[in-house]
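Both complexes shown next keep subunit A, but they swap its partner, so subunit B is in the first and subunit C is in the second.
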Partner chain A sequence: MITNTRIDPNDPGAAAAHPPVATKKKWRRLLRRFTPYFFLAPALLIYGGFVIYPMLDSLMISFTNWDGMAEERAFVGLANYSRIFDDPVAILALKNNLIWTVVMLAVPTALGLLLALGLNRSFKGKNLFRSFFYAPAILPLVGVAGIWAWMFDPNVGLINTTLNLIGLGSFAHQWLGDPNTALYAVMVAGIWQGLGFPMVLYLAGLQGIPADQYEAARIDGAKPLKQFWHITMPWLRETHIIVITLGVIASFKVFDLIYSMTYGGPGQATQVLASWMYFQTFQFFHAGYGSALTWLIALILMVVTIPYIRITSRRSGG
Partner chain B sequence: MKKTLLRITALAATLLAAGLAQAETKLDVLTWFSADQAKTFQAAITEYEAAHPGVKIKLNTVAGTGAATFPNVLRTRIAGGQAPDIFTMWGGSLAGPFVDSKAALDLAPYYKKYSWDAILLPSAVNAVKRNGTTWGAPIDLRAVSFFYRKDNFKKAGVAVPASFAELEAACEKLKAQQITCVSAAGTFGWHVMRLFDFFLEHTAGPEMHDQLLTGKTSWDRPEVVQAFALLKKWTANGWLPSGYMGISPDQAQQLFLQGKAAMILEGDWFVTNSNAAGLTPEQYGFFVPPTDKTPARLEGFAEQFMIAKQSKNPDAAAEFVNWWLQPATQNKYYSVNGSSATKDAAPDAAKNPQGATYVKMIAANPTYMIMDQAFPPEMMSTTYYRLQSAVAAGQTTPEAAAKEMQAGVAGIGK
Partner chain C sequence: MKTSRKNARLLTASFTVMSVMFLIPIAVLVMTAVRTDADFLSNGVFSIPRSFNLHNFVEAWSIANFSTTYTNSAMLTLVKVPLGLIISALAAYPLAKMKFRFDSAIFLFFVAGLAIPIHVALLPLFVFERKLNLLGSLWALLLPYIAFGIPFQVFVLRGFMKLIPGELMEAARIDGASEFRIFWKIMLPLIAPALATLAIIDAVATWNEFLMALVLLPSAETHTLPLGLLNFFNQFSGSYTLLSAGLVIGVFPLLVVYVMLQRYLVSGLTGGAVKG
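The block that comes next holds the complex of A and B.
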């Protein structure tokens, strides 16, 4: 706000009614400096109340033996954290998370890139195919789990029935009932559901590559494979980082598919950290230990997320 | 002037309403009842409210979630200081966390005041006791038996088995007809556990089985090894559904209801499921599992009403529970639970002949505690369910499983 009021320096009354210009400027500077924070305040308050506070509370709980219900809770120090390393199911869950991460990074990322390359070309029905491949990504995970649990049913499921029909009955298997195949069977559902997201990211990345790069390469006699390795892949570097980072985050957060398709079984064969955290907190009433598992997941994800945030911030000029 | 008068009238009405509301006793009831059950239970509540002016009961249900989710909803409400006055709960170890965290009220004074011991089945009262204290009032006594398809039995030329050997012979004949003998499901663990419980009752007998469930004798013994060996044998012989460890109880029930399996271990509630699926009494029946032991026992468990310690109206809550437990109420609203813990309560035989027959079967046979109510959920999940799966998959031997079971039972509470 700009004012044209002039103040007579010899009139003390006027000076009192109108503060000196320097003070006004100081206030204005302060106001300008803090204005963004005023606008941020409501969101910060909500974020603080609904995200930061519960997180800190969960951290505090992880140092107690609270059952999640009783009024009393005793401080147990790092006992819940050291228990993780003595808990064979937690170790198995961590191993399963790592397997899940490797498979879910390799398969949907590679397939997503291939689909994106195919769907980036001009052909009739391109948008229809894009929607078709992206459709499973918008389905609720519990619904996806229900669909695939029935498909994997060893007695009436589509997979074994089809194998029997086409004379490959010897390959029919108890997919979710065998501890050796259950995790991979759930992964199939995860891949089917998770394919659309990297595909969309890669499509966006591909559309950002200048066409003249390919044109110049063609003039220089570069074949399509060479163009892919020397133009497409380098230009997709940031997209790869985003896809891989989000893939790792999603892999360590996986819960719904495991819970709905196998409930962590057979035995504990498909437990992952998130499902084991759920069992400990909500089924076994060990909120303290469950919170420690939550913070283990959070720590792992922070290692991945912090570089990701730095890269994306750099890209957006933040 | 007119506006002022209106304002004064509105204020007076609000104050009057607030005063009336204060005079009202409000009760909050949380149950796991399905939509149909809740509808009938709401009718009972309306009747109670009409007979008890000043009492208002709000019914909340968390339907169709089973033991997996209902306790979470309840726990969240208790932790948030919004505990319902009355809530449904299973017996045994499943109720344990709510008792141990002092969330439930000791109902002993109300047992005395209302003489509940005189009207309730002693076995049901015993089933809901924890450390000798009655923390809840039993509302039903469930029992599991073999449901069987008469059409499949006829096709395979088998009769209702009177002994364990006859049951195994029937399985072989059913398999020859490409019919699964007993439908079972490994997801969640508890459905297959019913079968193992039956095996253990057969191999160990009633007395030792009870001792095993109370930790009074070691699980590392030949009878337990034999029970695990039977699970392995039945799996290997193809008498259970293919890949049964990876299917859900719903899928296992479908195999029976669609006629693909001849038998399934289910409780009285399955009469309703079978009738709803269009099966007639000519198509299905049930029989006491042939354990070859005396007495022939059914696997059973009780469900109860508990009163929250946070309740501001525990006396009014107990008054309602007392009304609900009365034989007249139970007979009138029998369909809410399809079972009752009250003596002399039974379904209308004319309307529900199968249900009435089932009640007679429960009355004629004592029950033993289902394993997941005998042991804490963590021990069941990390030890028993893991071992049951490992034995079925051939990843461990029955001998090793018995040893590990003993280690698991010995580790409870440590």
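The block that comes next holds the complex of A and C.
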């Protein structure tokens, strides 16, 4: 930063040096040209070094047969990518991600919208209720997984105990131990945790609808259901886009709940792309194949995220 | 919206029922945590605890190593959040307020990061940090966490900075203030609300982050809270009362903070999503 002190008019050292006026101006112009880069440098270095470089590195690894440790690695082209389609667990994982996405888009979104519609009215305690339903959203997913693993405990858990109490004991089940129900049991935890976020997004959206819209509809004699479809839903269009996009992104990233509730099991029944990628890369030392799986996740997310960024940045004037 | 008194009462009643059902898991957790194993096993989940004792908490605290994991998570969050925000704000400032070559290209370069999931960086970071012998120290997480926070924060902060009128800064510039001084003394105070919102989002995300910590922190001394919690309930799934006490310790402080900051948190989190 020598240049900086030299041209600083407040710096007594610079005044004492008395550089010729012409060079002083030149220095100042040069400094002004580089000022933006001084501000950008820390972010560019860290972002380049810890996001962009690893990303490209992982792309390179995905074209090799590397195990993650050895010195040598051979280029294998797209073999790791074609292997995904011959790997029944990877296909199952992709299917589980799709099921997860569909359920998470349907259930928490609809429930969140319903809760928001109710909580948008004025009545006693609505702020308290709002914070109740949002509370699980700030908890660590591992904690949520722990709570629900224990609710689903086959012997003393809340679910089976309740079923026995109300005379439906025949439905009592090894929820997390049965390959047919395990994924859905984990989803219950996901829904419980994920309900609050669409709810508050919809609340924010509902508050943006001008009251005179409903006023006018009421004068025209429109019934509440008709008002919902013709006023509320169209006005929530932007919120729907946000909720759906963020829902898809979260569904393809899902890892914490699966890893801590079922560890991908029983068998491989609850593997999702992120967990299978983790096991391949860090447990089975198939670094090349794991990286290909990672890139499958990344590509799916890019397809969803890029149009979304374009929409939101256009809106905020970026 | 206007609601008649009868409807309002109906809403309060139905939301009370729904909230109770929604919060049953938390209630059961607390109830189980304060009873003895014998009481729990002989009387079942729904029975009222016969005794109230805090013994489970004391035991869970030491077994699960909460003093270590809480300290680690707190240190990481306290360093990462302000440092990351300053770095992002520094980058957002010229992108919002200066004209220079490549300005829009650099902005796009940052924004592209919004589409990059942390998953792709895990293995390369693991390999790189193994080489540098950083694995298993909290430093291993600090820079990657900051790096993955940059795209969203630059995106949001640039948007806010663009809304700040340029006259104030122009006046300061004429008075001979340096660009850095203008950034620090004028810009940062003006975007304080946006910084506060981002700080809250970031603190929650950092505190709860699991996947990268799982890969980059192999040793127990540097485990963050989510990792410690997972280890604990993998090892002690036998005693439900102890397990519940551990989970209560693991999640309750967050719930308390949530209750205190509830207003800011909810608006902050949604504000972030709507903006970005």
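Some points to look at:
Keep this in mind: the second predicted complex is superposed on the first by the 277 of 318 C-alpha atoms of A that agree within 3 Å, B and C clash if a C-alpha of one lies under 4 Å from a C-alpha of the other, contacts with A are read in each partner's own complex, and residues count from 1 in each chain.
To be clear about the criterion, contacts are C-beta pairs under 8 Å (C-beta built on N, C-alpha and C of every residue); 3 or more make two chains touch, one makes a residue touch a chain.
Every value quoted in this text rests on a predicted model; they were computed, and no experiment measured them.
After overlaying the two complexes on the shared chain, residue contacts for A:Asp67 are found with subunit B alone; subunit C is out of touch.
When both complexes are overlaid on chain A, the residue A:Pro179 reaches subunit B alone and has no touch with subunit C.
Between subunit B and subunit C, C touches the greater number of residues of subunit A. In the superposition on chain A, contact is made by A:Phe129 with subunit C only, not with subunit B. In the superposition on chain A, A:Pro224 makes contact with neither subunit B nor subunit C. Applying the stated contact rule after C-alpha superposition, one finds that A:Ala149 touches each of subunit B and subunit C. Within the superposed three-chain model, A:Phe282 lies in touch with subunit B and with subunit C [touch as defined at top].
Of the two partner chains, subunit C is the only one touched by A:Ile306; subunit B is not. By the document's definition of touching, of the two partners only subunit B reaches A:Ala269; subunit C does not. After overlaying the two complexes on the shared chain, residue contacts for A:Val89 are found with subunit B alone; subunit C is out of touch. In the three-chain superposition model, subunit A touches both subunit B and subunit C at residues 68, 149-150, 153, 156, 282. Considering their complex, residues 1-3, 7-9, 11-12, 14-16, 18-19, 22-26, 28-29, 40-41, 44-46, 87-88, 90-91, 93-95, 98, 100, 103, 106-107, 110-111, 113-117, 119-128, 143-144, 146-148, 150-151, 154-155, 158-159, 162, 176, 178-180, 183, 204, 207-208, 210-211, 214-215, 225-227, 229-230, 233, 237, 240, 243-244, 246-247, 250-251, 254-255, 258-259, 262, 265-266, 269-270, 273-276 of subunit C touch subunit A. Contacts from subunit A toward subunit C in the complex involve residues 4, 8-10, 33, 35-40, 42-44, 46-47, 49-55, 57-59, 61, 68, 115, 118-126, 129-135, 137-143, 146-151, 153, 156-158, 161, 165, 192, 197, 200-201, 203-204, 211, 214, 242, 246, 253, 255-256, 259-260, 274, 277-278, 281-282, 287, 290-291, 294-295, 297-298, 301-302, 305-306, 309, 312-313, 316-318.
Residues of subunit B touching subunit A in their complex: 68, 71-72, 75, 78-79, 97-98, 100-103, 180, 186-189, 241-248, 251, 254-255, 260, 376-378, 381-382, 385-390, 392-393, 395. Put simply, subunit A touches subunit B in their complex at residues 67-71, 89, 149-150, 152-156, 173-179, 182, 262-269, 279, 282-286.
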